[in-house]
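Please see the structure below; I have some questions.
We call the chains A, B, C, D, E, F and G, going by the order they appear; numbering starts again at 1 in every chain.
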Amino acid sequence: MVMPLALLEKSMNKKISLMLKDNRILEGKLTGYDEYMNMVIEETEERTADASRRLGVVILRGNNVVSISPL
Amino acid sequence: MVMPLALLEKSMNKKISLMLKDNRILEGKLTGYDEYMNMVIEETEERTADASRRLGVVILRGNNVVSISPL
Amino acid sequence: MVMPLALLEKSMNKKISLMLKDNRILEGKLTGYDEYMNMVIEETEERTADASRRLGVVILRGNNVVSISPL
Amino acid sequence: MVMPLALLEKSMNKKISLMLKDNRILEGKLTGYDEYMNMVIEETEERTADASRRLGVVILRGNNVVSISPL
Amino acid sequence: MVMPLALLEKSMNKKISLMLKDNRILEGKLTGYDEYMNMVIEETEERTADASRRLGVVILRGNNVVSISPL
Amino acid sequence: MVMPLALLEKSMNKKISLMLKDNRILEGKLTGYDEYMNMVIEETEERTADASRRLGVVILRGNNVVSISPL
Amino acid sequence: MVMPLALLEKSMNKKISLMLKDNRILEGKLTGYDEYMNMVIEETEERTADASRRLGVVILRGNNVVSISPL
């Protein structure tokens, strides 16, 4: 059994990909999170079909997140 | 009586299909979950009418899930 | 007085019809539920105006359900 | 002062009309409810501008309800 | 300081106007409410730009209400 | 550090502007609020690009509010 | 580990950029926040693709926020 928050813990300081409710895809290094799945992402890039945009450090509210994948 | 979380427990390490609120269909092996139905899915594939896309390991937030079926 | 959860209890192992928030209609045998109206449905079929699709066993999250009818 | 739940209590076994968030109108006899305004409705009919459809017994989740009127 | 619920209390048995999340406007006499801003409205009329419709007694769920004005 | 509710307290009996989730802009004098950011606004006007409409006293449910600015 | 609220604390009195659920971008100096990520922003500007609008001091409700970036 891998608890969802335990997998976040294991992903600390590694690159993850996030899909948000508004369909945006973010990629970056996970450097923090809390019990609500609020996260701190560094070196964040927003990826769309044909472009990518640098967002740097981002605090992301958990209730906007659909799914998270270690990269 | 089969409690919903008990059926998740019984589906551990087996293939499941998930329908999300945004109508996406994910398939993969359930390797973890918590009381909020947040889940960890491995070997995840997103299936649409005419294609499938590999997502690998995915942490899925439970409040985006409509339904879950053992495969 | 028929409490809503008591009617679910009375519907155990019987066929029910469910309307979801996304307007889909599911029919199947209720084999489990919890206090949040998460449900386990077996022999589930999704019915639309002109077709029906077999979904088998389904764990349904209660917050996607609009209404439930014993059949 | 008429508390909202007290008026539901007074409407027990009487005909009520319900407006749902998806704009559907249901009419039927209230035979049960709980503190979340989940309701059991019997002899339920769904009314639209030009038709009505029999739904029989319905368990309705309270969070889909906009308003309730005794008939 | 006028607490929001205290102004509801002061509006008891008086006419109020309500704007709902679906943009409908209701007018009627407030005869009850609870801590969730569920309300009982009597002699309710739904007003649109070019018409008004009598709804009589209405139990309104608070989470559908945007704003309330004493008339 | 200015706590959000402390700034509401400091805005009491002063003019504020509110943006609602449905994009409407309200302006008026804040005369009350509670911990959920439900508010009582007096001399309220709804402003759109080309018109303004008097709403008088308004009880506003906090969960419809996006942002609040002292004027 | 950088807890999300700790990064907000570290951003106090500094410029941040916020993305809201309605896709608006706000920039300004963070001068306060609470545990729900309600925030007080000063010298706030709303930025769109081709314009920027001064909003001054803004109390922002946390549940409308998607992401926050220190600038």
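Methods note: contacts are C-beta pairs under 8 Å (C-beta built on N, C-alpha and C of every residue); 3 or more make two chains touch, one makes a residue touch a chain.
Please read these numbers as outputs of a predicted model, since none were measured by experiment.
With contact taken as defined at the outset, there is no chain that touches chain C as well as chain F.
For the pair chain D and chain F, the distance between C-alpha centroids works out to 34 Å. Chain centres here are Cα means. That of chain F falls 19 Å from that of chain G. Each of the following residues of chain G touches two or more other chains: 63.
One full turn of the ring, starting with chain A and passing chain B second, gives A, B, C, D, E, F, G. Residues of chain A that touch chain B in their complex: 1-8, 21, 23, 37, 62-63, 65-70. Interface of chain G with chain F (complex): residues 12, 20, 22, 31-34, 38-40, 44, 55-61, 63-64.
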